[in-house]
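In what comes next, subunit A is part of two complexes: it sits with subunit B in the first one and with subunit C in the second one.
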Partner chain A sequence: MTGEVIVRAAEIPFPPSVEDFFPPSLIEGTGPWLTKFTLLLWVAVALIIIFFAVAYRDPKLVPSRLQWMAESVYGFARDNIAKDMIGPEGLRFAPYLATLFCFILVNNLFGIVPGIQISPNSHIAFPAILAVISWVLFVSVGIRHFGFVPYFKKSLILPAPWFIQPLLIPIEFVSTFLVRPFTLAVRLFANMFAGHVILLVFTLGGFALLNADALLAPVSVLSWVLAILLTGLEALVALLQAFIFTVLTSSYVQGALAEEH
Partner chain B sequence: MRYLAQEAEHNPLLPIWQEVVVGLIAFGLLCFVLMKYVFPRMEETYRQRVEAIEGGIKKAEDAQAEANRMLEQYRQQLTEARGEAARIRDEARAEAIASRDEILARTAEERDRIIASGREQLTQERETLVRQLRGEMGALAVDLSSRIVGESLADEARRSGTVDRFLAELEAEPATGAR
Partner chain C sequence: MNIAAVSGSLNALAIGAAAIGPGVGIGLVFAAYIQSTARQPESARMTQPFMWLGFALIEALALFGIAFSFVFD
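Entry: the complex of A and B
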């Protein structure tokens, strides 16, 4: 009995481990170049481009349903993020913010698509790229707007008594120029990573329970129901994380453009 | 044991460099396509849409302004026309008065002329009459006196008869000889 459980449990790897996030290459010998993650990344890029290409093939002043949808996505990033966060001058960042939002959202949503159920963003490489781009963006915007030295002066030196400055300047430096990109990347990565782990736990856990004892079948059903419910939650998280990443990026840009600290 | 070894191999917090490269290319491509071809067109559509709406409002405002301008113009023309009519009426009245006065003056002149010519004619006729009467009177006086002288001696009664006859002749004569 116990031997049988162990054998069956070995078939269903439980608990999930970090290795679940590192599937082998799709084609032997391509290494990390061609994995489920990179493939999904290309699929996301292709889906977004195709969607916008089809929806905006022939734009009309009175939009069709599809054109209206495409415009809503861009309009959301443009009006609700760029304009609201940065102000009227934020409009020039709207195309990038919209692209960023779409890219993160579609990649996040892979995490709940049946059959795929993993988001490329659960590999830190992709959130890290986006975070570094955001960092470069807000730092370069600040430098261009104020000049190199004045920008760092404005960012690092707060209106405070001189004797606190030796303490404040390193803190400001770390929080603005080191922690920001790191938290951006890790927040997105960890959410996607944890989301996948949670779904794995409840899905595989159901099998593990069933394998452990037939009497635990109702509990394993409960586990699967929870997995389904959590998928709904993950959908929310996917949307929310895409939104947060975009909003924080525009907030950093706004901070770089702001006159006072 | 196997898991441990592989966990050491894969640290989820360390990015895989190949994925960084792939991610950069993929995201770069997406940015390029969307930011160069899609979103600028959307901005263009937004702009056209705003223009279309504002153009419509502008057109309506223009039409309104045009209508107001026309109304003002008509009012002005009406005022002008009224002034013109009043002016024409005044002129006509003045002309009528002038022509009436002229007619009256001409009539009076004519009347005076007719009266004057009538008077002249009368005077002439009277003078003619007087002259004629004077001549006739002289002839009659001579005639009468010759008859009186011829018959006075013959008969007193015949004399009175002669006078009577003469008078009767006189009375009869104007009836035939009158002009």
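Entry: the complex of A and C
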């Protein structure tokens, strides 16, 4: 038994690398078009649609437990994010913010579900598209609210002396229109990526220790206990990152709608 | 003969260095939030979104360290 474990452990490559993030195609020979990530993305969409459809199938004044859960998720996005961050006019963004929150949350939680244990958001492509959608949203909201030229005038030209403007305008442009979507995408991506790497290090590290020598073998138990504890931490990070992505999106929308800086 | 030769990945060191600043920054954010909440408990809900905003903006710097150390491997 022990010998078998050690032989198995010898086959596990220890320092986890970026290659661990590229699982093979689900169907042989179809290339990268249907991988675990593609499947998980559709599963996430299906889960959210089914959850809300079932919860609202027969809405009652006194909600059932499922309806209460769905209502508190939407109520959280509506009251705590849209209303608190944007103000009364933020209510029309509540559907988008709630969808964004649920989609990112379900995708992040895939990172700790046993058997799946990787989040599609640990590939930069998925957070990048979400960030681009948010970017287009806040820029177009600003343009529709103020008009094209006044919006850019408002967001680029700050009340400052004229001689500082040549320095200020490029900085404002870069920070508002380039750094915002970039950080939005990289934050989510790096959190999920780092979380997966940490779990890999402690799980595979346990096998590497087991394999190293007799003295280090008991330490592998500690490594696996830490892996389980860190899974709990990852649950917190998944929730927090979904929340932060949504809060930042609503804060950017609020900035685009604000009259003054 | 090299007496003080060190081998390994410089990227691991870079992550440690990149975490110093954000570590201090996140400490300051939460310290300020705790202090303001202790002084004025009724403002806790009002200032909470700003705490998360500040936390997220600072944390991004540490995460850039992680991302770039893998990108430029």
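Observations, loosely collected:
We take it that the second predicted complex is superposed on the first by the 251 of 261 C-alpha atoms of A that agree within 3 Å, B and C clash if a C-alpha of one lies under 4 Å from a C-alpha of the other, contacts with A are read in each partner's own complex, and residues count from 1 in each chain.
In this section, a contact is a pair of C-beta atoms (placed from the backbone, for glycine too) under 8 Å apart; a residue touches a chain by one contact, two chains touch by 3 or more.
All values derive from a computational prediction rather than experimental measurement.
In the superposed model, A:L158 makes contact with neither subunit B nor subunit C. In the superposition on chain A, contact of A:F193 is made with both subunit B and subunit C.
In the superposition on chain A, contact of A:F52 is made with subunit B only, not with subunit C. When both complexes are overlaid on chain A, the residue A:V219 reaches neither subunit B nor subunit C.
When the two complexes are overlaid on their common chain A, residue A:I116 makes contact with neither subunit B nor subunit C. Contacts of A:L66 after superposition on the shared chain: neither subunit B nor subunit C is touched. Of the two partner chains placed by superposition, subunit B and subunit C are both touched by A:V18. When the two structures are aligned on the shared chain, A:M85 is found in touch with subunit C, with no touch to subunit B. By the touch criterion defined above, A:L233 reaches neither subunit B nor subunit C.
Judged by the document's definition of touching, subunit A residues 18, 186, 189, 193 lie at the interface with subunit B and also at the interface with subunit C. Those residues of subunit B that touch subunit A in the shared complex are 3, 6-7, 10, 12-20, 22-24, 26-27, 29-31, 33-35, 38-42, 44-45, 48-49, 52. By the touch criterion stated above, subunit C contacts subunit A in their complex at residues 49, 52-53, 55-57, 59-60, 63-64, 66-67, 70, 73. Considering their complex, residues 18, 84-85, 183, 186-187, 189-191, 193-194, 240, 243-244, 247-248, 251 of subunit A touch subunit C. Residue ranges on subunit A touching subunit B, taken from their complex, read 17-19, 21-22, 31-33, 37-38, 41-42, 44-45, 48-49, 52-53, 56, 59-61, 63, 70-71, 74, 94-96, 98-99, 102-103, 120, 123-126, 128-130, 133, 186, 189, 193.
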